[in-house]
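I have a structure I would like to understand better, so I am pasting it below and will then ask my questions one at a time.
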Amino acid sequence: MIELGPNRYGKSAIRLVKVIRGPDRHQVRDLTVAVSLEGSFEAAHIEGDNSLVVATDTMKNTTYALAKDHLDGPVERFAGTLAEHFLGFEQVDFATVTAREHAWQPIPVPSGAARDAFMRDASFTRFAEAEARRGETRVRAGLEDLTVLKTTKSAFVGFPRDRFTTLPEAADRLMATKVSATWAYTPGRPALDYDALFDGVRRSLLEVFAEHESPSVQASAWIMGSAILERHADVDEITMRLPNLHHWQVDLSPYGLGNDGEIFVATTEPHGLIEATVRRRTE
Amino acid sequence: MIELGPNRYGKSAIRLVKVIRGPDRHQVRDLTVAVSLEGSFEAAHIEGDNSLVVATDTMKNTTYALAKDHLDGPVERFAGTLAEHFLGFEQVDFATVTAREHAWQPIPVPSGAARDAFMRDASFTRFAEAEARRGETRVRAGLEDLTVLKTTKSAFVGFPRDRFTTLPEAADRLMATKVSATWAYTPGRPALDYDALFDGVRRSLLEVFAEHESPSVQASAWIMGSAILERHADVDEITMRLPNLHHWQVDLSPYGLGNDGEIFVATTEPHGLIEATVRRRTE
Amino acid sequence: MIELGPNRYGKSAIRLVKVIRGPDRHQVRDLTVAVSLEGSFEAAHIEGDNSLVVATDTMKNTTYALAKDHLDGPVERFAGTLAEHFLGFEQVDFATVTAREHAWQPIPVPSGAARDAFMRDASFTRFAEAEARRGETRVRAGLEDLTVLKTTKSAFVGFPRDRFTTLPEAADRLMATKVSATWAYTPGRPALDYDALFDGVRRSLLEVFAEHESPSVQASAWIMGSAILERHADVDEITMRLPNLHHWQVDLSPYGLGNDGEIFVATTEPHGLIEATVRRRTE
Amino acid sequence: MIELGPNRYGKSAIRLVKVIRGPDRHQVRDLTVAVSLEGSFEAAHIEGDNSLVVATDTMKNTTYALAKDHLDGPVERFAGTLAEHFLGFEQVDFATVTAREHAWQPIPVPSGAARDAFMRDASFTRFAEAEARRGETRVRAGLEDLTVLKTTKSAFVGFPRDRFTTLPEAADRLMATKVSATWAYTPGRPALDYDALFDGVRRSLLEVFAEHESPSVQASAWIMGSAILERHADVDEITMRLPNLHHWQVDLSPYGLGNDGEIFVATTEPHGLIEATVRRRTE
């Protein structure tokens, strides 16, 4: 016997820009949204019965339409509103909305900041996810594409050596990574200030990255993650994905030159990949 | 209390080419490999103790070294050998190896097929995954980047209409998707012929895609998935990820031209995304 | 004094799919088109006078509209028709149309080849360019994304050595490249069979790549280019861009293993880049 | 008769990071370098004679070696030093070095700015090019990947309408582009302050983009370019490549909603592409 297993469907890569034209200055919200639904879609698959299949085109239209009235605060709140909207369809048990927000900064001009001209700040992408089921909506926030580098305070020593181990011990090395992190907010807290929380977590992550002594990327993940949980009571858990973007010191001795931590070749292939979740223990 | 949750680490994007120099012709194996380990790595995170941390550089070296003697059959088998190797470390409970194999075809020359010159066949990427734990290794195969298109036998009608629905019913539309599919082989079967199975599943998928009448991408996923399970007894389940790459018919009427399913604009943003697993029911 | 120098404008990334629904089988044409115009656009720049500025949106519309009646033969001919159309605007002196054609193959089914279902063949991209000015249209053809590899018959020896040279001589190495080539057809030839010519040049390029002994990528460019000019009288010149995608032999001796041209690491950064034009001498 | 036409070769995608470890703070220089040579390379192509072929591997080594002592000021100066080095080979007539510099900012920490930890600033990429021939080195600077958007002060009206024109006149539209610009410094000027000039041109470009009224992207290119030449006497000419990244206002009327310049769909395919050079007239 053959059966349908887990399934979901939706619309991805919905590109949405909203301009909020205030009296003094404009504001730009720039999102890439994805909607995904789970529910009673067995007949759609097995019998080709579309009577319950909300069209993905409708999901796209809904995203633009709800943005008109509801995209006026933190992106997490808009994701939640949009996800909960789809629970209005009886056949939907579970709606997930993810939104990546691309930041725009006012262009500096002699008089201060331009009121209606912006430049893209590609230093990171803000991520939000709302998972709505009847009775509960869970919210995660996150950041992606945040590339950071430490020029010291990173080591990797004391690891086991087998027949295939050639890596020398490194008491002082460069450490670079492109952070992807998402964190869950404790459910049931009323009215979190998502913008302030996002800024706080991002600032904490950067600060701890800058200041800690790293014995390994694994330890760095723990140190950053546990610091974030200690500093931010509304954060329940954080999952980090940290590629180790190796920088290899170049051997300049054939040219009669020394190289004491100065000249490196930056590489992306291959790369280490460290993934860890740090969370509050529930007893 | 803060604790370490799920964690794993490894090496990704290991680019490996093996040339097998047979007496009559050469053969090229071109893989992108990733290794990931789970196990007793709590001290590494929390205490910065690297004594159990197999270096990701060692994983890379091991991949190249084992390819010398063991990359001589299906990529699934190499992935399994490599994953099982890492169980030789006591601290490792679970080792996952994924390998993407890039196909090369001999270049046609007047005398037949070149014996030592090849062209990349980028029509799809073959995927293999081995998950090894003590006592069992599970193998999945898959394919990615297989882009297909039907010019008829695809419809989407009878879907619900709400305030935000503007999509017209389509009795005959283009359907295009870039297939990602992975399937699990039933554990415990001795000596599967992974190459023949891969070719068979790929052929089945293409044939059914070509021949079926599609009432929706969801139904197509079911029809293709259940056909594969019916035809291939060693396949236990298959998971498909099918973006709906919309082709919109262009309105040429402003120019006094008709357009009866002839001229389309191909789009990738936004796209539908349909994901489904089809599996054998275990009672 | 400040003046306007060279300038042009147009529309890029126009994605166009045409389905030709023949009685026995369908055919898919899948193009990415760019249009670019040069002419009397000084007032547009300096005075903001748009009265002569053909909208790029109009270029897009024209591309779709002309495809309806004119995209029924070689892509080079469609590029020419489209480029010449824009000379209908008096202010246009020079119109360039480039088109990349993405190939689709019928899916093999038990009864032969599917008549209305296709798979993308991503082994190369066909390129066409038409440059129209009053009285003359010049046509180039080309191919991109053709990745090829030789497992022998490639060497690199006898190069000069200076203080910074560490590369050993290589009497037998792997050679891999991703070919970009464009070639010009002799102007004034009536009614070239562009499809047959494209296939012929592509076949020649592959054959010569496979069969020649390469002392360097530079020499390979000359050998392939001059062979193409010798074999194809309608080709006037050919320009090749050949990245040298290095494959480095892995040192397996630390693991007690030999490696005689078997195990390589494939790299893309950094890469050599060899560019050369081969042409008929005009005396 | 067949002959060799224009040709050049070199090494691309050389990824170089230099850490300058000052007493108070570290500094990171992160470059992607390409070297390209032209000269007496006919024998290399036609006769397979490598005796004059500087290995591209040597170019890479040289880049790292010269970075040790010479990458301590503006990237333009390093590009010039590196290009001029290759004129030391008699057979080289012309050496081009391009360098893209990726910016890193110190991470903000409670005590101020981290002295040895950095975050990547991906808001733009700085570009430098040095073309060295005996007796003269020409320097260009540039920027890439600078994405900007105006929410007003952009119009496009008064353009010609033909059979294929459907675009409505737009008195007030969004204008977005991803600027690529390169500019030439007047040769023969002693000791330009390349860093200050780069910052100045970038600031001018942003300011003028923000403040001007745009009747078309063509006019914007002229307004920005001529302003830069007026403000910066050492800049001889500037070439801009400005894709018009269309933002289409979404029709929300089917949902009973207005949309007065609020909700847009951001697109990249197709896009307008405007290219123009603005230069000093030489009489």
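For clarity, chains are labelled A, B, C and D in written order, and residue numbers in each chain start from 1.
Methods note: a contact is a pair of C-beta atoms (placed from the backbone, for glycine too) under 8 Å apart; a residue touches a chain by one contact, two chains touch by 3 or more.
Note that the structure is a prediction, hence the values are computed from the model and not measured.
Ranked by separation of Cα centres from chain D, the top chain is B. Rounded to whole angstrom units, the spacing between the C-alpha centres of chain C and chain D is 24. In terms of their C-alpha centroids, the spacing between chain A and chain D amounts to 29 Å. Chain B and chain D have Cα centroids separated by 38 Å. Shown for chain A are the residues in touch with two or more other chains, namely 15, 61, 65, 164, 166, 254-255, 267-269.
The touch graph of the protein chains shown is complete.
Remark: chain D residues 1-15, 34, 36, 41, 44-58, 60-62, 65, 89, 156-160, 162, 164-167, 215-219, 221-222, 226, 229-230, 237, 239, 243-244, 268-281, 283 touch chain C in the complex. Chain D contributes residues 163-164, 166, 254-256, 267-269 to its touches with chain B in the complex.
Across the complex, chain B is touched by residues 15-21, 26, 28, 30, 61, 64-65, 67-69, 104, 107-110, 114, 116-123, 145-153, 174, 203, 206-207, 209-211, 247, 250, 252, 254-255, 257, 259, 261-267 of chain C.
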